[in-house]
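Below, each structure is written out as structure tokens.
In the two assemblies presented below, chain A is common to both, partnered first by chain B and then by chain C.
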Partner chain A sequence: MTSDTSPAPASVLPVLLPFRASQPRRFAPLRLQFIHAVGFIGLALLVGGAAHAQSGADQLSALGVIWKWFPLLMSGFMFNIAISVLSMSLGTIAGLGLGLLAISLNRPLRRTAWGTTQFFRNAPWLVLLFFAMFMIPFQFTIFGTTYPLPDWVKAVIGFALPVMANVSEIVRGAVGSLPSGQWEAAESLAFSRRKTLWLIILPQCVKRMLPPWMNLYSLVTMATVQASIVGVTEMLTLTAQVHAAEGGRPDLLAPLYGFAMLCFFVYCYPIERFTLYLERRFHLHQ
Partner chain B sequence: MAAPAPSTEIDHGWTPDQPLVRLVDVHKSYGTIPVLRGVSLDVRKGEVICIIGPSGSGKSTLIRCINALVPIDSGTIRVEGQEVNDPDLDKLALRRKVGMVFQQYNLFPHRTALQNVMMAPIHVLKQNRKEVEARARALLAKVRLQGKEDAYPGQLSGGQQQRVAIARSLAMRPDVMLFDEVTAALDPETVKEVLVTIRDLAEEGMTCILVTHEMGFARELADHIYFTDAGLIVEHGPPAEFFANPKDERTKAFLGQVL
Partner chain C sequence: MDLVADWFRTLYETTGINLTIVYDTYDRQRFLSGLGMTVFLSVVSIVLSVVIGAVGAWAQGSPLRVVRALVNGFVVLFRNTPPLVQIFFFYFGLGHMLPRIENADGMMVPLVTNVQWAIISLSLFAGAFNVEIFRSGIEAVPRTTTEAAEALGYTRLGVYRHVLLPLALRICLPALNNNLVNLLKTTTLAYAIAVPETLYVSKQIWTDSQNVPVMMTVLLIVYTGLVGILVFLMHRWERMLSIPGYGQGAAR
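For the complex of A and B:
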């Protein structure tokens, strides 16, 4: 450029600047701010203090009780996480299969998959859990060897059923949300349906499925406490046992169950934040 | 599974002196709405034909019938003698011979420009990856996109995306190319770069069927122009005659509006 036109004036011209949606911040795993700390400490003091005020001098304070039983309660919580991870894995694999059947070109297959999805999606999780508990035998025999089927395995299956149905629906929704031009382009390039799905459609669906899938995981984790109703020794069951072991003091109820709540919150809140972050990111960089 | 099927090309007794694409009395309705009401046209090897007409006149449906993206109700379509409407048709074999470029580019957004071009030859034709990559790079250079091989579609302008789409189609080495309003979604400056690419192709002897609103381009490049209205071919002829001396009232009215 050899022209000697004057450089653009530095003054601010009266123009409306284009709107820029704010870039998503890089994900900070736990952006706990001061206000959160205040909230947590406040809650702990309130619950602990109230409990302490009611307890006699010879009794352990609520925080003391929680501290004493902390390893046991944590082992129970780990069990909740294990159940949630396993049922999520199992349910996701089954749900992917069911979701693929639900978009099959074969009408009977598609209708069957649709029916299965709707049935398990619209049944209360606790009912499904009961069914899994009481319908699945406690042991089974293959080639003369008897394998026991512990309660928690049945609980995993019980939770995997609604997960399967929800994942199936997530898959179907994601595939349906892709523009039809992707199918047309693949067809016109002589891709078979199977190759179109695996090479073109499903890879694009992964990021669309991730946020609802993580949301579902959060829900499953919180639902695992229902397993206590059918006798699995997970955190809620152990909390009740700890309460009983401490003499069933009424002042311990709120702190103990509050602690269980806190554990789930601390575990699920980051997942929730990460889901939100992914949703924002995928929305902007489509 | 995707074994090459060269037999289909001999079976139908087609010879290069016959029309490469032949449509005879093609009818198509969407529900009760007729879209094509008896369309016939012939395209010979190396010819460039342009289909013009008001929107809703069935142009896009017409071009989508040729590679069986849209099934027709009656009539016949033959591509190199192969009956497209045959229920036993190997659609994949047909589509290897017919390339198509869309108005909305329809690139695969999760793959780079180069991968977009390479995918079909590798996965559909089962060709050697190295050989395909060399060809894909050459094709991208041909559509003037050197240096953009590793860009994702989202990082390219509309005109660039459309040229990748053309290269992607060419990578299958088709015998005929279908262009469905490929410049309609572009801004005026980038229209030109896509048209230049198509012109290069036509000059190399590629058989092209274009649905277009670019009248200047059609006049310059087409061997034959078809004007459609309400599912019928109202008028057709060589461009000089068609533009200078339209006979049908509907053609006159349309040209009066767009020229």
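For the complex of A and C:
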């Protein structure tokens, strides 16, 4: 890769370069002090939030409330995770197929896949969730037997739709980001298009796709709380119920929602670390 | 105008498709203001989050450990917690602590309104993702390019502004595109703290007029249109910025 967009500072003599190079080091801490301050204010705000939570704890023990309802809240959280895993698996399988269609050489097929991807990517998750809840019947009948369709299954389908579209876009983006030399080299070695795709392009794409895919998974996990808006009883619903059960005290809101944040953080942060580890490992091979 | 309104009234009487937002002035006013609020929320949050992302990615490469730790802490915290819970935490938790001020009418109002809380939490949420996206773009730029720029006497900021960011931006545009689209859609979450945006006013309208399926369809079309505009602009930009010989041109 070349960068011909860089006009070098013209007036600098080569001899002066070491002095020039030392200047930014003196300059950088000054600039960073400002960002430092901004970060510090942000931290102070967060600590203030925590202090507020603690003052609530003095009055009627916010921590005690959380501890009392801990099993209930945890069962809600487990339900969130179950929803996220199911919709992610469903969405990924569908999305891989759609993504491969989106890079096909057949023009109508490609346009259709692109259109489907865009349609489901363009709708907000919440609206798709509303749609899944309202448009999918609450029971269906096959050969005379009626199967009920609980709310959470509809929620899973509602989340799987945007996942499918996003996975498709990830596949398309990864294939597009490979240097065109890979395609040309494969062609010159007489690989067919399918073999090029399976043996050369996609294996290289996996490492490009894995980090955004895992980002998507954490997005899905965090989106599952939206199911509370459409009436699935999951963690946020239970949090609101716990808040109501404890008399609706406003000072309990921050600790309770903070606890919900903590749960998701504890779950999603290791996933993020693993993503980073994978990214770093893959970069070693480049 | 009356003709159009009459036509839609007839449509309701004959087919049951009740588009009150066309023939009812009050509903139309509500819906348009909601649409305006969604656009306002999105544009402000997109600009703020991209700025947060670019500045954050630069600060992440800082030689100072404290700065790196602060940026990483911010990114880690906001990436790994649900945006809805963040909005609740900001609006209920932090909003409760801030002092109330007197407005022009002598009423006591919160220092930060719910719209401002929505903008703050949405920008921070998307900004945290943008930092990460810009970082991954920067990592994709070969180390030698940075070294070459350093050898040419660029300062750290200069390398970032003139060499790293332009290249990283081109590499991470698809991901950035994804995230900004995601941000536009996340603005629906402001619904939860009563910001009168499109979803909120639509719910008011369908509660008043009992036309849930019709309003849901309108809602989906509106958001598809809004995101379509954003995607169109981003794809144009992507094509404008594309590096020749990088990426496979044949499939497009």
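The rule is short, and it goes like this: the second predicted complex is superposed on the first by the 217 of 286 C-alpha atoms of A that agree within 3 Å, B and C clash if a C-alpha of one lies under 4 Å from a C-alpha of the other, contacts with A are read in each partner's own complex, and residues count from 1 in each chain.
In this section, contacts are C-beta pairs under 8 Å (C-beta built on N, C-alpha and C of every residue); 3 or more make two chains touch, one makes a residue touch a chain.
Just so we're clear, the structure is a prediction, and the values are computed from it rather than from any experiment.
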First, second, both or neither for A:Leu189, with chain B first and chain C second: first
Touched partner set for A:Leu253, first chain B, second chain C, both or neither: second
Per-residue touch tally on chain A - higher for chain B or for chain C: C
Contacts of A:Asn122 with chain B and chain C, given as first, second, both or neither: second
First, second, both or neither for A:Ala82, with chain B first and chain C second: neither
Contacts of A:Glu279 with chain B and chain C, given as first, second, both or neither: second
First (chain B), second (chain C), both or neither touched by A:Asn166: second
Partner chain in contact with A:Ile136 - chain B first, chain C second, else both or neither: neither
Chain A positions touched by chain B in one structure and by chain C in the second: 179
Chain A residues within the chain B interface of the complex: 179, 181-182, 184-192, 195, 199-200, 203-204, 285-286
Contact set on chain B toward chain A in their complex: 1-2, 67, 69, 91-93, 95-96, 98-100, 102, 104, 106-110, 119-120, 123-124, 154, 165, 168-169, 172
Sites on chain A touched by chain C in the complex: 1, 3, 5-6, 8-9, 12, 17, 20-21, 23-25, 27-29, 31-32, 35-36, 39-40, 42-43, 45, 48-49, 52-53, 103, 105, 110, 118-119, 121-127, 130-131, 134, 166, 169, 173, 175-180, 183, 211-212, 215, 218-219, 221-226, 229, 236, 250-251, 253-254, 257-258, 260-261, 264-265, 268-269, 272, 279, 283
Residue ranges of chain C touching chain A (in the complex, touch as defined): 55, 59, 62-64, 66-67, 70-71, 73-74, 76-77, 79-86, 88-89, 92-94, 96-97, 129, 132, 136, 139, 141-142, 145, 149-150, 152-157, 162-163, 166-167, 171, 174-175, 178, 181-182, 184-189, 191-192, 199, 212-213, 216, 219-220, 223-224, 227-228, 231, 243, 245-252
